[in-house]
Amino acid sequence: MAKKKIGIIGAGRIGQLHAENIIHNFNNVTIKSISDPYLDVQWANSVGIEHTYKDHTSILNDTEIEAVLICSPSHTHSKLIIEAANQGKDIFCEKPIDLDPNAIKQALSVVEKNKVKLQVGFNRRFDPNFVQIKQHIVKGEIGIPHIIKITSRDPEPPNPDYIKDSGGMFLDMTVHDFDMARFLAASEVTEVYARGAVLVDPKIGEQGDIDTAIITLSFANGVIAVIDNSRKAAYGYDQRIEVFGSKGCTQAENNRQTNTTLLTEHRVQTDKPLFFFLERYKEAFKDEMGSFLKCLIDDLAPSVTGHDGLMPVLIALAANQSMKENRPVSLGEVG
Amino acid sequence: MAKKKIGIIGAGRIGQLHAENIIHNFNNVTIKSISDPYLDVQWANSVGIEHTYKDHTSILNDTEIEAVLICSPSHTHSKLIIEAANQGKDIFCEKPIDLDPNAIKQALSVVEKNKVKLQVGFNRRFDPNFVQIKQHIVKGEIGIPHIIKITSRDPEPPNPDYIKDSGGMFLDMTVHDFDMARFLAASEVTEVYARGAVLVDPKIGEQGDIDTAIITLSFANGVIAVIDNSRKAAYGYDQRIEVFGSKGCTQAENNRQTNTTLLTEHRVQTDKPLFFFLERYKEAFKDEMGSFLKCLIDDLAPSVTGHDGLMPVLIALAANQSMKENRPVSLGEVG
Amino acid sequence: MAKKKIGIIGAGRIGQLHAENIIHNFNNVTIKSISDPYLDVQWANSVGIEHTYKDHTSILNDTEIEAVLICSPSHTHSKLIIEAANQGKDIFCEKPIDLDPNAIKQALSVVEKNKVKLQVGFNRRFDPNFVQIKQHIVKGEIGIPHIIKITSRDPEPPNPDYIKDSGGMFLDMTVHDFDMARFLAASEVTEVYARGAVLVDPKIGEQGDIDTAIITLSFANGVIAVIDNSRKAAYGYDQRIEVFGSKGCTQAENNRQTNTTLLTEHRVQTDKPLFFFLERYKEAFKDEMGSFLKCLIDDLAPSVTGHDGLMPVLIALAANQSMKENRPVSLGEVG
Amino acid sequence: MAKKKIGIIGAGRIGQLHAENIIHNFNNVTIKSISDPYLDVQWANSVGIEHTYKDHTSILNDTEIEAVLICSPSHTHSKLIIEAANQGKDIFCEKPIDLDPNAIKQALSVVEKNKVKLQVGFNRRFDPNFVQIKQHIVKGEIGIPHIIKITSRDPEPPNPDYIKDSGGMFLDMTVHDFDMARFLAASEVTEVYARGAVLVDPKIGEQGDIDTAIITLSFANGVIAVIDNSRKAAYGYDQRIEVFGSKGCTQAENNRQTNTTLLTEHRVQTDKPLFFFLERYKEAFKDEMGSFLKCLIDDLAPSVTGHDGLMPVLIALAANQSMKENRPVSLGEVG
């Protein structure tokens, strides 16, 4: 049986990561083509991708190519989804689909019309720790979930220039946590209350953004969730989750470089949490691609849907409004 | 030098605990008298307390007695503080002083007028774990605090009958966490947002109370705190704290009976958190009494003041109102 | 029912500890008398012991006194056991009974002849961690035990002067570990191989002693045990045990002052192990006394017998010979 | 600059692993050829290896090939090292070089004569945990090392048929631990005392082998090491190391699949240690290959030398003799 052929649009850090994950781990598909205006052709050759383009059009017009990965800058995602769907390609698209929910909805309607598959790149759902948390819930180990707690703190704030176009912390960073809360609650958010502050760097405040927040989410099934964010954890990338239920509690601790402990006269010392998101979520990036390729080959429904791409953006917008007006905001007000 | 003599009003579980802690650990004072309508006289004799009464009047009238511990039912606290203060006694009073802030304020004004000492029984401030957390903050180990997270879950819900007169979960249970948040933030709460739910037992809801909550507190110094409560953690008494700051993070885990681990074909297993609050806070109860006795003998200001007794009640009332009206409530609205 | 009366011979650190443990925790017996050539009479009065003596004779002659605790210097133990047994007293004796096995055997024969109870002060058997380890074994959680590993490292070496009369590290320090290995193996040692070294302090070597060792023990039931000792662990008192069996493994970690963790840019840091043996084995000292008093009152066989006092001394002597001759030594050679 | 070309002799599980590690992670060399009597040609094609052979001769005769990986069955290693060295190839050879020290010495002399590089596959030296342990020692964090403790327990015993030709547990399994002890002690073993037993499976005993052992090693620099082995740890692959020194202690715990904890009414539960050695030492296998390739390209001395291949075999032989004669055996007796 011939391998399915796929193309990649966008060959920056994430595009290259997905390409190498596929080449090294999944030999049931072939990456036929890759495009990027600033393509590193030498890299593409070294990993054995045959066709390279500056523009994505050749990929979308190639009838041999059955699916595309959209790894280009965020503002191009919804437009590229529409183009690719109209060409009948199945699609893996990096998050976010768009910062504007209407643009997302439009893209999703084109996807639906063309009956193509779309998986959105919320990679953290595939992190082995969080997969185990989900399994504990699904298997009933903790009974009925009552409280979800997500700690999500970056090791370093982004460049202030980046912040300007990011849509703000809730759309840029917390959006992952909103997705995770939905994934674990297995329900939809009904109301959001967000308390934000500028405690890390006043320059972030000057851009109209925040760098620290506590967000409370209410879910339709009664679960309450709380997310705490900071743009700068001095000790590394802090990514922990706890779900508390009627029969118990499941917790995921941070990952560390080693499991060593040093005991001296002065202290007992272990490794810090892994610092860099590509290292922390290395397995997750690989496994989300495996999931997408499996849905292509076995003709399954994607594990992270277009709807899953829309909802966290709506929650983020509700969080923005909540913070601005200092009141709980229902999802209906923004959706 | 003669030992100071003290009296104890109320000889239930907590009164007996304080008595025995003093007798076993602090021989710089003598418990001369104890009163309780239902006094276990045999117990009092066995620990060597000379004078026993059904009524507290004889204690307050005894000019030899310099200080009293008020360990009677909560609704008697503010009245007894006033009586004791008017007799010039220094006072240790179990929490809460009262559920009505006006009654607290009245009691505090009598205390102030009589220039007696008053320490309120927020024992958790003396827990070795939380003392260390506080030390980490005070020593600057985590820089400027940004986020305080308190997990406080009881192992079993109280009897529904108890709930009726308890003032509700925020006044009965979370009040400890409100005190802890103030203690760690070293600042006053300005605003409260509380999200509550009945997820543990519908009978609690029938009493008009909740059993699960997420409460967000904003402090004058910019700190944001979040408390999560449940009336029933299947795995034991869950008492954890985390304080995150500009330079790091300090965390306190639960205490366990032993530090053993069992590894089998089926699992890796450790002890559950200590179940019973008297066991969990055993050291804290002893150390808060040591602190009170030290302030008596060395004529120091109490470590947990009357003001510290008032503020958590105000925060609890604000939380009640926030939950009822589903909006953030400023402390000014209830104070 | 009248309380049993007991006497204490020797009121140094350990004698006082046992006295206070009894007074504070066990009101089913009365300490009638205490003796010590250098008795701190003020302390004795403060804890309410009625009769104080410089010499132990009055205690042994007091027919009201049913049992004695022997807490005097080690070289007096076997002689005092004989005297006390001949007076018909039940006996709790601190370890070691004697450094000379013949003296121990003689003392045990007098105990047996007089049909009095004798419990030896191997307190570690009552440590909650190690009790749990034992329970895991007894309940079959780890199947048939194969390997016992004991890590036992002191925080500070003793004074060189002390070492001179200590009988050497194996008799002075490892004797506790030999007892623990027997307790956990539930079998008798057949052969010992000891490898010792002077790595901590050459002055210890000048006294003819060692400060570091690995000892392998073979048991009659097939269990193999290994003990590693050091006279100086820079990070505190290191007391860990692991038992590995056909179905799993049970491990006891060190105890720490608090369960806090500090995370900073530089490190993740927890508390060091407790440093001082009285703090580390606080519960164990209390519980061994509870066990002795229970065997008095309920007329039970002691939990740590005279035979348990003899065997670790024999193992230590075998270890000494093994080290000297650099070969495995069977217990039969020294017993 | 042209990439160096290498060949692989032996394409079983380990040969394929090294091939894929090189292809996916190190694009500074090219695997030109691979040989195996039972070669999976489809696999070789799928990973892009150009030339495939049943016999290794073509690889050794290929003057373009500068280095070979010897991944064939153990009994062929020494012979293949000699052939490859005589053809001037640099060599990476899986452990053990041979079970007969004379065969090893002969192979090493041919390597030396031909001035080719030889790295032996003691992959565990590259495990991130153990690399960190080594770093702690080298940086002086624990002062002067006194005691090394290695826990090394397999998850499942090998097939009895395998055992027959394995050389016994010390040569087959403990040889890795002997290497690790040498690596960490940075010194040579002078004496070995081994205590072995058949506790896991009597069938192993019927083959004349053991399945459980405690081995004490004395090093020239004064370090004492103790290794405990079992052929079957019910809970998984148990690979822990502890090094204790004058200023502290460094410990490596097992690796687990996730960092999650489940707390229920019944227990607190974490993941078991990773079960399979290829998963446990995944990073180590990759990093040892990186180290070999770096020494090829930068013309460095190999990190694990031929001498490092010889010594653990001598230690294993001394352990065998020690167990047989139940006495400590000096390395001089076997070397």
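A, B, C and D label the chains in the order they appear, each numbered from 1.
Criterion: a contact is a pair of C-beta atoms (placed from the backbone, for glycine too) under 8 Å apart; a residue touches a chain by one contact, two chains touch by 3 or more.
None of the values given here were measured: they were computed from a predicted structure.
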Higher-contact pair (C-beta pairs counted), C-D versus B-D: C-D
Chain whose average C-alpha position is farthest from chain B's own: D
Inter-centroid spacing, chain D versus chain A (mean Cα positions, whole Å): 39
Centroid spacing, where centroids are CA-atom means, of chain B and chain D in whole angstrom: 58
Separation of chain C from chain D, taking each centre as the mean of its C-alpha atoms, in whole Å: 42
Per-residue multi-chain contacts in chain C, two or more chains: 234-235, 247-249, 263-265, 271
Chain D - residues contacting chain B, complex: 234-236, 256, 263-265, 267-273
In the complex, chain B residues that touch chain C: 20, 23-24, 27, 46, 48, 128-129, 131-133, 136, 141-142, 247-255, 257-265, 271
Chain A residues within the chain B interface of the complex: 143-144, 146-147, 149, 151, 153, 193, 195, 197, 199-200, 212-214, 216, 218, 222, 224, 226, 228, 230, 232-235, 238, 244, 246-249, 326-328
